[in-house]
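By written order: A, B, C and D. Residues from 1 in each chain.
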């Protein structure tokens, strides 16, 4: 799967007094992007957790290009950047739906760990789905 | 204990594009108020959870009197409103530290439950501390 | 309009360490509910603000009936409770989409004010749309 | 000024269902760190905004080393990483106060802009204070 898109309506809660979306909230959108990306590949993160497979965030970054405003519709495009033996990296592009303007580009990197916080190899069944991209 | 006060500096994250603190964030302040109230009574909520005693929120309300702004110092005053056999109610007053102006009054009500989400009687040791007020 | 429904997917950001949605976040959902309710009536809150008409929150409350969990789909049903000369009240019901279980009931009340924070009468054009309900 | 420290008590609101602080919330802590860093240098960000000087976030990143938990006391250490003609970069270290363990390292970069969103040179008076470090 090349990329997966979700649509988000900017709420009042997302904004700050500079009249734009507060910078930390993009990372919440990234989370929604990657959860839906996984779902689109047939992978429920909730199920993965039940099977003792957790994907905490190891690295996160965002480059802000233009502000998002209250009531804007934004698109979050999620793609896999890299797939290691026991880690995965995602890239996110946030664009304004109406104008197509690029608002932000971000990345997150995640190890696969179990409940004991030990790094584990990505199970074959999951790897196959992730490689469909 | 009559009441317990905590001081909070309003951050950018707290504000919205109306240049005031977003209404839902007062409930986050209330949480901080009651956790510190309990600590001042010698009750660590973290310890209570370890002992299988949880205080979820059953009711929450807030009446907004005047806005709080970025960088304001606000005081959250917490008091116990009522103490039942297996429930507790708190009242919160938020005031601007500099002007003394009342910004908001809120309440929350909580049952005492265990991890199986069964309502439990307040243990005697905890009740004694709560009644010191 | 009797009521308006929106669907929300619970994200990780919404949850807390009790494995449920943190109580303050329901108020963020209520905001989304009322903004979409107004939009469904042909009223853009963004436009209203441009026309110098603001609806801050004066009162907010929520009664929590059952927890929402990560990845749940919840429905927020919004209705107008009361329409005054210069104020409006909304009611919100949050239900689990799959089970139909009621999770929470909330209310908010709002004065109509202008940028100078003076209370204003609801403009006739807006009142007509609100009364369609 | 070499670095400036603030102390934060982890609240329930900060956590997620993995029992740790949700990754986006570190960026809220970074904001608090840099606002207090500036204040310690005699620079009120609120005053700067009034003087038409705004510091939006252009780049933000965080590397997560170990989790923070509910009720932990964490220290956020803020330093200036670089000071350009019209931009500034901060570094943040988050450590557990009790154990001294490093939890996260982050960075943010900010242009100095005015209300018209034009990049402006850092005013001499402000630069002097920033260079005290």
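The criterion applied here is as follows: a residue touches a chain if its C-beta (ideal position, glycine included) is under 8 Å from a C-beta of that chain, and two chains touch if they have at least 3 such contacts.
These figures come from a predicted structure and were not determined experimentally.
The chain with its C-alpha centre at the largest distance from the centre of chain D is C. Should one ask which of A-C and B-C has more C-beta pairs in contact, the pair is B-C.
With centres set at the average Cα position, the gap from chain B to chain C is 23 Å. Between chain A and chain C the centroid-to-centroid distance comes to 27 Å (mean Cα coordinates, whole Å).
Across the assembly, chain A contributes 12-13, 18, 20, 24, 28, 31, 70 as residues in contact with two or more other chains.
Those residues of chain A lying in contact with chain D across their complex are 18, 20, 23-25, 27-28, 31, 54, 56-64, 67. The residues of chain C lying in touch with chain D in their complex are 12-13, 15-20, 22, 24, 69-70.
Note for the complex: chain D touches chain B at residues 9, 11-13, 28, 31-32, 35, 44-46, 70-71.
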